[in-house]
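When the chains are written out, they are named A, B and C in that same order, and each has its own residue count from 1.
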Amino acid sequence: MGRILFRFSAAVSMLFALTAAGFAQGAATAPKDIVIANNANFVSLDPQDTNDNISFSAEKAIYQGLLGFDKDMKLVGVLATDWVASPNAKKFTFHLRKGVSFQDGTPFDAAAVKVNIDRLADPANKLKRHSLFDQVEKTVVDNEYTVSVYLKAPFGAMLNNFSHPGAMMISPKALQDYGKDIFKHPVGTGPYLFKDWVTGDHLTLVKNPNYWGGPVNYNSITFRSIPEDGTRVAMLQSGEADFIYPVPTEQLQVLAGQGGIVVKHDPTVGIQYASMNTMKKPFTDIRVRQALNYAVDKDAFIKVVFNGIAGTATSCLAPNTRFYSPQTPYPYDPAKAKKLLAEAGYPNGFETTLWVGTMSVSIKAAQFLQQQLAMVGVNMKIESLESGTMANKIWNVADPKDATIQMYYGSWTPSTADADWGMRPILGGTMIPPKGYNTAYFQNKEVNADIQAGLDSADVATRKAAYEKAQKTIWNEAPWIFLSVPQNIYAYKDSLQDVNLLPDGTLSVYSLN
Amino acid sequence: MLKFLGRRLLGLIPILFFVSVLIFLFVHLIPGDPARLLAGADASYSDIAAVRSRLGLDKPILAQYLSYVSNMFHGNLGTSFRTGRPVVSEIGDRFMPTLLLTLVSMLWSFIVALVVGVISTIKKDKWQDYTVRFGALSGISLPSFWLGLMLMQLFSVQLHWLPTVGFNSWKGIILPSLTLGSGIAAVLARFTRASLQEVLQEDYTRTARAKGLAYNLVIWKHALRNALIPVVTMAGLQFGYLLGGSVVVETVFSWPGEGRLLIDSVGFRDYPVIQGEMLLFALEFILINVLVDILYAVLNPQIRLE
Amino acid sequence: MSSPLPPASPTDAGPAAPGRHSPAAEFWRKFRKKKVGVASGLFILLLLIVAVIGPSIAPYPMEKPDYNHILAGASFAHPAGTDEFGRDIFSRILVGTRISLWVGFSSVFLGAVFGTFLGLISGFYGKWIDTLIMRFCDILFAFPGILLAIGIIAILGPGLGNVIIAVSIYGIPVFARLVRGNTLALKASVYVEAATTVGAKNGRIIWKHIFPGTLSTIIVYFTMRIGMAILTASSLSFLGLGAQPPTPEWGAMLSNGRAYLNTSPHVVIFPGIALFLSVLAFNLFGDELRDALDPKIRD
């Protein structure tokens, strides 16, 4: 309690100091210093203990991994120049880039890689990204610039895990020096150095003069958290921000007509859907599930909800995901929907409830679905639930029979951009709540087998075949109303270079090549 | 007076303890699993379990309560689930911005309220009365997010006079405090007017007027002083309320204050931060109430401090 | 004319009971001279009528979408334009009148009843009762409204009824503190002291001498809170905790519409005007009512 009282009086006296400082500061910014406005607060600067894209965005300017994604989500070498996977998908060997050092001068070598992979693989560290490396048996330093990682079981998608931002390399010396506080003292090999971080306000990075990749574009980058959509747009318009994301679709029009501002939108690796609890009536009947797919006009959905800025879902995976294979869309056909419902024994429709989060665009989507389903006689009630409440209602259910979930509107963005993480957690039979995110309670033997087959192999052709089959079955079984592929929408001053929002939702502030 | 103060401040300790128990219970009653929310949108089951055990949420509730109490006695409120930083510094960092915004908003709205209250009393039922009242009431008839966004559109985007956001320059406080203060000004002006008119009907002001004192002097010297009692109560309430941070204004203007911290923490069920915030608000309120009681006595000697 | 004035205490049967010596006729004689008061009263009456018949006079069903006329501006077919689903905004405002007024009235009423009761007791009896009630109020205050709302709605479930409960709890400590402040002053005043000397019972003193004196404060704050309650409900909608879609509660219309503030402003302007005028009417009406109700003000 004493501390609080102290804070109280200290704050009062500091208030005056702050006001004085505030007057002294001007708004003058040199052209080489840029401001990026995003919608949430930074949580951590330890990539191995991060799970939000906002934090990853800043971390990716400071740190680098062995592998990475370029702006088209293609796997590229960053700190590794080349790599070999054993045919059984159990051993992965990397040849490292020479002459790279961390920002604190520590050389980057095989020993440094081992320190990082060991840190990630050790469950005792309780890192948020441990699961990317929980299959690692051991990491072996072959020589100064070669390192091999051995897995306990075959895992075909492992290279995607290495390219995940959660697998970026931290200076072993910094890990030693800062211990648990590494999250606020980041030291990596990237082009930008950490300068300061005022929680809830801003985070500033400055140029790394010794960057191995050559000259760095900007003297400094300041990230600001601006939660209100309209405010971010206003900041770009008034020149206070150089790059803003996300841009709400409703505001596109305002920015598009303004000179000197570029508005861009690219497809993400995400997918939007309305799941139906396949263990509960009436959704146990495949005809009902297909009927609802025919009942929703996806083009109108995209036009009304996303102002036309979204793609139509053509599988349970987004086209940017590895091993995506397109399916024949369910056309908008309310008559057919009614016929299927009648065949299933619901000529007058039925009543159901859809759970949705509290974001206004999600509620808009839910309302659209409500309107569409009403036309085929399905009376869908909307329950908009705050995130914690929703989590409880979905995952505090031990026995599937006790689940109260009927329909759920959600989206899924596999951060590895691979088919495995794109399907298994949301449609895999082992992943029904509370284990995973399979809100449709979808359990299909063939799909489960295909997913397992894809997991057990590192052979591209084998994996491709397995995932193609799985996608086909899922599409036909229709555990979801397949809706849309969201887009990343961002806007920036046309003078800006090399700042890109990647399909996985993280920002890249320099080009990898 | 000193004795009164001492007793009130001593009385704080059991109250705060009681409040802290209530807070703990309430926070844990709200549905929602912090581990799942913190682990992120696509965390695996084992990730979530790891987070849960790291946060100590796998321990029995009694053990969690004991560690909360023991933290409290050590003058530390634990560490944030979300950022791993001490709660004291999480809350401390947000305190100055909130206090600054609160003080500036209170100051201008109190002055405006007094002026409006007095004008509309002197010119009661005349056009001046209705004009100032319409002006004041408009401030409270608009949702603050709407007012804030409109002000921003006008002064930042169109006219380029003021920054849209910015805790880092003095200009940055103008729009948020205008948005926040307009509602308060309206409330306080209402109370000033109502209270002044009431006091003017009372015997002693009528006596004063009968004695031939100039009308304006009566208002300023006698009436205003007595009329201030409900106004001060209201201002105290508003002040305490504002110190809790305004979620809407802080969100619209990206002001790094307590309100945004609270709403973010609630979203993630960051128990230690929520508990710390609530404890701080409780303390602020109780202190302000003591202050209001003292002001009562200063303004009206008829009221004795018990 | 007296119908919009809600009883301000659980035992208060009639609206126009300002004091021993002022019957309803006296109040009406004074009130009808106040043009702004009568005008705002009439506007509130109109709102009440719309609240009753709104759904039946609305030109379109409020939930009917028209995807070919999304965000259309005001026209003869749609006097207030259409929203993001092509729904008629004018119809939604008409239907929403009932919902918004209901949220405003019922939540403030609940808060006022409990708050006034607590405030009277606290101010009059003083000592430990006062301490207890005021600390209780402090605790209620210290619970940030948003957190309280999330808690209540998480436990009881989403929906309008629970929004009303959440908003009413905001009001309890406010009324309690204000009424207590007045009670303290009144207790020290001459006529209460006289009554105490004569030996009147406490209940009677509170009811006959103190409560009427606090009434003007209660009324002023009651009318103002109605607007605030509607706005609070709108910020709950803004957090996704308000009325569930497609309910056309004005606050929800405003907070959902803010995304179109600079592209299709009519989406927020018309519900905004409805909200603005209603709140203004309640506030002005409260002022004028106070002038006419206060037993100490003579003309």
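The rule is short, and it goes like this: a residue touches a chain if its C-beta (ideal position, glycine included) is under 8 Å from a C-beta of that chain, and two chains touch if they have at least 3 such contacts.
Quantities reported herein were computed from a predicted structural model and do not represent experimental measurements.
Looking at which of A-C and B-C shares more C-beta pairs in contact, the answer is the pair B-C. With respect to chain B, maximal separation of chain centres occurs for A (centres as means of Cα atoms). Between chain A and chain B the centroid-to-centroid distance comes to 36 Å (mean Cα coordinates, whole Å).
Distance between chain centres (mean CA atoms), chain A to chain C: 44 Å.
Distance between chain centres (mean CA atoms), chain B to chain C: 21 Å. Residue positions of chain B touching 2 or more other chains, listed in rising order: 30-32, 145, 149, 153, 266.
The set of chain A residues that touch two or more partner chains comprises 230, 386, 388-389. Taken residue by residue, chain C touches two or more other chains at 150, 154, 239, 255, 258, 261-262, whereas all remaining positions touch fewer. Across the complex, chain C is touched by residues 229-230, 233, 248, 250-251, 253-254, 300, 303-304, 357-360, 363-364, 366-368, 370-371, 381-386, 388-389 of chain A.
In the complex of the two chains, the chain B residues touching chain A come out as 13, 16, 30-33, 36-47, 50-51, 53-54, 72, 75-76, 82-85, 88, 90-96, 99-100, 103, 145, 149, 152-153, 156-157, 160, 163-172, 251-254, 256-257, 260-261, 264, 266-267, 269, 279-280, 283. Interface residues of chain C, counted against chain B in their complex, comprise 34, 36, 126-127, 131, 134-135, 138-139, 141-144, 146-147, 150-151, 154-155, 174, 177-178, 181-182, 184-185, 188, 216-217, 220, 224, 227-228, 231, 234-235, 238-239, 251, 254-255, 258, 261-262, 268, 272, 275-276, 279-280, 283-284, 287, 290-291, 294, 296-298. Residues 63, 65, 67, 70, 84-85, 150, 153-154, 157-158, 239-241, 244-246, 255-256, 258-263 of chain C are the ones touching chain A in the complex.
Listed in rising order, the residues of chain B touching chain C in the complex are 11, 15, 19, 22, 26, 29-32, 125, 130, 133-134, 137-138, 140-146, 149-150, 153, 187, 190-191, 193-194, 197-198, 201-202, 229-230, 233-234, 237, 240-241, 244, 247-248, 262-263, 266, 274, 277-278, 281-282, 284-286, 289, 296, 300, 302-303, 306.
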